[in-house]
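My structure is below; once you've seen it, I'll send some questions.
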Amino acid sequence: MTSLLDVRDLTFHYADRAGPVRAVDNVSFSLASGGSALGLVGESGSGKSSLALAIMRMLPTNVARYDGEVWLDGQELLGMAENRFRQEIRWRKLALVPQGAQNGFNPVLRVGEQIIEPLVVSGAAGKREARARAQELLAYVGLPADVYLRYPHELSGGMKQRAMIAAALILEPPVVIMDEPTSALDASVQTQITNLLKRLKQDMNLAIIFITHDIALASDLCDDLAVVYAGEIVEIGSAEQVLLHPSHPYTQRLLASIPRLHSDTLPQFIPGAPPDLREPPAGCRFHPRCPLVFEPCAQKSPPAFEPADGQMARCWLIEDGSG
Amino acid sequence: MSLLRPLLVRSLTMVGVFFVVLLMLVLTLGLTGFSDRILSATIGEQLRAERTALAETIRDPDEMEKVLEKRREELEIFYGLSTPWYYRLPRTALRVLTLDLGEARTLRSFDGSNRVFDIVTERVPNSMLLLTTSLIITATIGIIAGAYLATRQGSWLDRFVSGFAAVSFAVPTWWIGILLILILSIQLRILPSGGMYSTPPPTQPLPRFFDLVAHALLPVITLVLVSFGPSIYSIRTITLNIAQEDHVKIARAKGLPESRVRLRHILRVAAPPIVTGLMFGLAGSLSGSILVETVFNWQGMGRLYYDALAGTPDENVIVALTFIFTLMYVVIRIVLEALYVFLDPRVRYTD
Amino acid sequence: MPTSRPNTSTNPLVQLQDVKVHFSVRKGLFGSESIHAVDGVTLNIAAGEAVAVVGESGSGKTTLGRAALGLVRVTDGQVRFESRTVTALSQKEQKAFRRRAAAIFQDPFASIDPFMTAYESVAEPLVIHGIGSDSERRERVFQALHDVRLRPPQEIAEKYPDLLSGGQRQRLSIARALVLQPQFIVADEPVSMVDASSRAELLALLRELQERFNIAFLYITHDIATARHFAQRIVVMYLGCVVEIGEAADVVRNPMHPYTQALIASVPEPDPANRLRQRPSLPGEPPSPVNAPSGCSFHPRCASFMSGRCELTTPRLLEVEPNHFVACFLHEGSDAYQN
Amino acid sequence: MNMASAFRELLRSGPGFGGASLMALLLTAALYVLLAFPLDFGESQWSNPVIWVDNPKAVPPAWTNPLRQDARPLHRVFEGAEPQTVQTARSGPVHSWRFPFTYASSHPPTFLAVTLADVNYAERPPLVLISLKRPDGKQLRIYRHTVRGPREDENGPFLRYAETPLRVQLSTDEATVTAAQNFLAEEFDLRLDGGQIGGRVDRILFGVPAGSADDAFAPLTGDYEIIIQAALREEGDSVGKVRFVVGGGVFGLMGTDSLGRDLARGLLFGLPVALFIGVIAALMSTAIGTSLGIASGYLGGRADIAIQRFSDIVANVPVLPLLIFMLFIIGPSLWMIIVILVAFGWSGLTIQVRSMVLHMRANQLIEAIQSLGASRRRVMFRHILPQITPYVLAQLIFAAPSAILAEAGLSFLGLGDPSIPTWGQILETGFRTGGIYVGYWWWIVPPGLCIVLTALTFMLLALGIEPIVNPRLRQPAS
C-alpha cells in the first residue's frame, strides 16, 4: 500500500442517554499522495465532523465503540500509544483546522505565540527561529506581519481563518484536515480561502481532507470526493466521477439540490429528513428517502460496488446495472 | 495607554460607589437630625464645663445666663449648627475626604489617642491581614481543587462539593466562628478563643509571630471554611466551560502536553472570570470579616464597629469606619479591576 | 428626479424612497459615532412580486428589511405601504399594517417562543389582533400548518418547539407569518440555517405560497444563486447603498457592477474543472459601515478603480439598460436611457 | 405544565423533596407560633423578666440528662390554688398544700423559691409556714412569713400580693439560712456559721453531712415533700395561690439563657420572623429587580443607560457597613432592616435580567413578535417574562436566605429590633454575656442551626425548582 493516508473500516460510536449514536460506521477511504484534496461532503449530523475527530483520536469521554485502522505513512495510528501519538503524529503529521476558526484561538494569548507553540514546545526550534518561520507562513497565507503580535479578537473572521491555516502548517504536516473552514465567511472571502488552499496543495505538496456540507464548494478544491450519509460513505470517487457521473441516488439528489446560478432549472429537494443516528434505518440508510427504492434496499445494507474504475458506491441499483 | 483606558472606565463605577455611599452618609446624618443632635450635645457639654469655670468669676445668675447665651451662639456658629445640615454636612464630607475624621467620644487607640483617624487606621492592617490571608487561601484551594474537579465531572466528589457549596450559602460565617470556638477552644482547648496576642504578648519577634499565627488560625479557618466550597464550585464550573471550548480541542490536537493544555489553555483563560468571581466575593468577604472579627475579638475594623456600637455608642467612629471601609473596598476593587484588565486582552481593546 | 427611479411598476405595494437608517453607537466614554447602515435606498415592490436583496455582511440588507416593515426608525426618506407612509402611521394604523405585512427570520431556533406550543405560536398573531372565535382560530391555525406542510397539523400543534427540527421550526415561523394572510413578507435569510437538502424544499414552499396567495416578498440573502431562482428582481447592496438592480436573470447573466460581477464569480458551481484554477476573487474583506470609504464605497476593492474619480464622488444609480440600474462610473457614459 | 404536575416533579427530585418537606414543616411550626403566641411576644414576654423569674438561669435542656453520668435535677414547679386540706386549729383555719416529689440527682436544686399571691384576710394577717420533709424522716421548717398587716388608714377586708405576688428566693433568704443552720446543729450536731452556709442552702437541705470535712455534703436522694401551711385567723380568709419552685439543673426542650428565658419559646417565635424577613425582602427586591431589568433591556435608550449605571453602582456598594451605619443612626427596627436590604438587594437581578433581555432581543424572537404587531406590554409580559421566570423564580428563592442571614448578622452586632426577638438576637445575647466562653452551647448552637436550616430549606427548594421551570432541562415527554 503506497497511499499516504489509509482509513480502513473506521467505526466510532458514542453513547447518548438514549443509547449508542452510530456517528461513524465502517468508513474506508485513502489519500493517494500529497498535493491533492479529498472532500468529505455531508449534511449536518451526518457524522463527517466525528470522522475527523476519530482520525485525530480526539474522542469525547462517552465513546461506545471505536475500532478500525488508520494507516499514515506506514504507521497504524489507532493502536499507537497515546503519548507517542501525541508527540509524533498530532500536528506533526496530522493537523486540524476546526470548524469556525473564530474559536480555535485561545483568546488571551497572542496569535503568534499560538502559531509557534507546537514548534517551541517540541523543542525543534528556538523562539526566534520559530518566529521567523511563523512570519513567513503568515505572509504566505496573505496576512500582514503584525498579526503575529495581535490578539485573536483583533482579527476578522477571514484573518483568523488564514492564521489558523498558518498555524496548521507550522510543523509542515503531510496531511491537514479542514472542517468547514469557510462556512461562516462571506462569499468573497470564501473564494480567497479556497484559492489559498489550492495554492497550498501545489506549493507545499499538502494532502487536504476538506469537510463541508456544500458539495459545490468541495468541487472548488477537491480532487476526490466522498459523500457521507448517516455515518457512512455512500459514494467516493474522483471529482469528475462523482460530479459528472454520480452513481448513488443521494449524490444525484444532492447535486440537484444546488441552486445553479446559470441555469433555469429549479433546485430539487430531497423529501424527508436525515435519520436519527441512534436508530438508523435497516438496509440502505438512505432508502426511506430514496425515489428509486426497491426490494433489497430495506433488507440488506449494500456493499461497496465499483461502478467505474476507482469509484465506489453503496447502492443495490449498481449491482442490478452491472449484473 | 491601552491598559489605562478600560481601567479608568471600570474604576469610574467604583468612584461612583464611593460617592453614593458618602451621599448616603450625609443624607442619613442630616435628614434624621442626627447631626444636629450630636452638635447640640457637644455644645451643651462645653457650656456646662464653661459654666463651672465662670461660676468662679460671675456671681449674678442673670448675667451668667446672658454670657452663656452669647457663648452658645458663638459655639453654634463655630460648629455650624446655625446653618442647616445641607450646607454644613457637605463641608464636613469634604473634611472627611481629607481623612480629617474628628475625635472619638470614649474609644481610644492602642496608645491612647482619641483621634478617630488614629483609632481606625491602626485597625486597617489587622483587618487586611485576616482578609487577604483567607482570600488567598480560598482562591488557592479553589483554583487547585476546582481545576481538579473539572476533570472528574459527575463523580461523587464533584456532587459532594456542589452540595457543600450550596450548604455554605446557608451558613452564617460568624456562627461557624462561634462553633469553632466552642469546640476547639472551649471543649478541646487547642486554640485561643480570641484576641490577636496572648496576655502578656511575647516580646521576641519569632514567638510573637507564632503567637499571632495561633490567634489568627481560628478566624482564618472560619473565613475559609465558609467560602472555599462556593469558590471551588464556581472555579470548577468556569474551568469546565472553558475546557469545552474549541481552542482547547485545538491545543490538544497540536500535540501539546496535557499539563500545558491545562495551564495555558484552560486555567490561563479562566483567570479573568475567576478574578471577576473574586470581585463579587469581595464584598461578601469584607462583611464576613466584620462579623468574624467581632466573634474572635480580632482588633480590626469589624471589632471596632462592635465596640463602637456596644455600650455608649461612638458616633464619630461609626461614621468614619463606614467611610474608611468603603474606601478600602473601593481601593481593593480597583486593584482587582486592574488585574482583570491586565489578564484579559479583550477588555484592553476597546476601539 | 427621473434618473433615479429604478422602478417601472405603476402601482407598487411597497415603496422605499431614499431610505436612510443611521445608528449611533457609543464609543469610549462619552463619544458616539454614526453608522450609516442604509444610506439612501429607493425601491418599489409590486403586489405579488418577489424582490431579492443580495449583499455580504455589513451591506445593510437586514436593516433595509426591518425598515420596510417599520421595525426600525428611518433616519431620512420614506417607507410607503399602499401609498401610506409606514413611519407616520398612528398606533391603530400601525397595527392594521402589521396584519398585512409579516416577517420571517433567519434563526429558526431563536425566532420561536420556546414556551409556546406550535399551536400557540401560530395563533399568537390572531390573539394579538383579536381575530376570530376560538374555533375559527383553530381552523386558521391548522390550515396554516397544513399550508406549510407541517402535517398532520393536529399532532404538530401540541408540540413545543424543542421537539421540532430546524426545518420544521422554520416552517412554523412561515405559518405564523402566513396566518394573517399578509400581502407582503420580508424574509431575512430564511434558509441559510437549514441543511442543503431541505433548503431547496423551503424555497420551493415559499415560492408556492407566494404564487398561491399573491404575496409580495422581500427576500434578503447573501446567496445570489437562491435569489436568482426565487425572485423576479435582484437588488445588490454594498455598504448601505444599492449598486445594481435588475431582472433576476438579467443581473446574473449580465452583471454590470464590478461588485456584482465578483459576487457572481465567487459562487462555486459543481464543476470539477474549478479545482485546477484560481477563481477571481475580491481583495480584502467587506468593510464595516463604521468607517465607510469615501466616494464609491466599493472603490478600495474594485478591479476597475479609476483614480481621481471613484474615491471622490459617489456614482448615482442609473438605468443603463431597460429595467437594469447600475451605480458605477464605468456605465455612466453608456446611459442610453437617461433623460 | 400545570401546577400540580410541576409540584409532583419537584417532589421527585432529591433536593426538591427535601426542600418541600422542610418548608412544610417550617410553615406548620410558624402557623402554630402565630396561633399560640401573642403577636407582641417580644415586649410582653421575652423582654419581661417577671415571666422568667422562676426559671433556672443558663441551664441546658432536659434531654441532656440521659447523656450525663450525673444527672442534674429536673426543674419542678408546684402550684396550688384551692387548699388540699383544711384543718381548724385554735388560732383559726389552717390551709395546707403538700407537694411530694422524688429527688434523684447528685446535684442539689439550683434554687428554691416560693410565691404567694392573692392573700385575703378580714382582720388579722395570716401566717405562712413552709416545711421540707426529707426521705430520712427528718423535717424542718424552712420559711415563715407573716403577711403584711393593715395600715392605719386602711379598712378590711384586705387584699395582699394581688398585683405583685410575693416571691421569695429561699436559697438566699436569711430566714432559710438560719433554719438550715439550726437544722444541722440539731440533727447532725454540725455547727456552721452563716457564711459557711450562704450559697449552699440547697446542698444542705437536700443532703447529709459527709466525711470528715465540715462543709462536705453528700446528696440525699429519695422522696421529699414540701408542705406549705397557711394559718388563717378567720373563716373566709384565704391564700389565693401558692407556688413552689425547685430550680432544676436542666430545663425544658432547649434550656434557658442567663435571664432564665425559655430558649425553646424564643427559638419558636424566631421562626415566623425569619420566614417573614426572608420572604418579604426577597419578594420586594425580586419584583423591583425584575421590572427594572426588563424595562432597562427592552426599552433601551436613556432609561436603559440610567438604570444600568445606577444598578451598577448599587450592586457594588459594600452593604454591611452601610447597613450598620444606617441602622445605628435611624435606630433598629425590623422594617428598616427589610427596607435597606431591599434597597440594596435588587440591583444584581436587574443587571442579570437586563442582559438576558438584551440577549433575547438579539435572538430575533422579540423582533418577530413585534413584527406581528404585539404591544409592548404583551411582548414584555407574554414573551419576555415567561422566559426569564425560571431564573427569576430561582433568584427569588435564593434571595430569601441571604436576607435571613443579613438580619441575623445585624442582630448579632446588636442592631436587631429589640421588640421582636430573632435568632440572631438570641445568639448576640449569648455572645455578649460571655455565654460562649463558659460553654453554654445550648444557647449558641440551636439558634444558628435554626438559621442554617431555614436558609437551607430555601436553597434546596431553589435547587429543586430550577430544572422544572427551565424548559431546556425539561425532559421530552416520551
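Here the chain labels run A, B, C and D in written order, and each chain numbers its own residues starting at 1.
The criterion applied here is as follows: contacts are C-beta pairs under 8 Å (C-beta built on N, C-alpha and C of every residue); 3 or more make two chains touch, one makes a residue touch a chain.
As the structure is a prediction and not an experimental result, all values here were calculated from the model.
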Chain nearest the overall Cα centroid: B
From subunit C, the most remote chain by mean C-alpha position: D
CA centroid of subunit A to CA centroid of subunit C, Å: 33
Chain centre separation in whole Å, for subunit C relative to subunit B (CA means): 57
Centre-of-Cα separation between subunit D and subunit A, whole angstrom: 71
Residues of subunit A whose C-beta touches two or more other chains: none
Interface hub residues of subunit D, defined as touching at least two other chains: none
Contact footprint of subunit B on subunit D as seen in their complex: 309, 312-314, 316-322, 324-326, 328-330, 398, 401-402, 405, 408-409, 412-415, 427, 431-432, 436-439, 441, 444-445, 448, 451-452, 455-456, 458-460, 463
Contacting residues of subunit B [partner subunit A, same complex]: 245-247, 249-257, 260, 264-265, 268-269, 271-272, 343-346, 349
Residues of subunit A defined as touching subunit C within the complex: 37, 43-44, 156, 158-159, 186-192, 194-195, 198-199, 213-217, 219-223, 238-240, 243-244, 253-255, 257-262, 264, 266-271, 273-274
Subunit B - residues contacting subunit D, complex: 13-14, 16-17, 20-21, 24-25, 28-29, 32, 34, 166-167, 169-172, 174-175, 178-179, 181-182, 186-187, 193, 283, 286-287, 290-291, 294-295, 305-306, 309-310, 313, 318-319, 321-322, 325-326, 329, 333
Subunit A-facing residues of subunit C, complex: 56-57, 165, 167, 195-201, 203-204, 222-226, 228-229, 249, 252-253, 262-272, 274-275, 278-283, 285-286
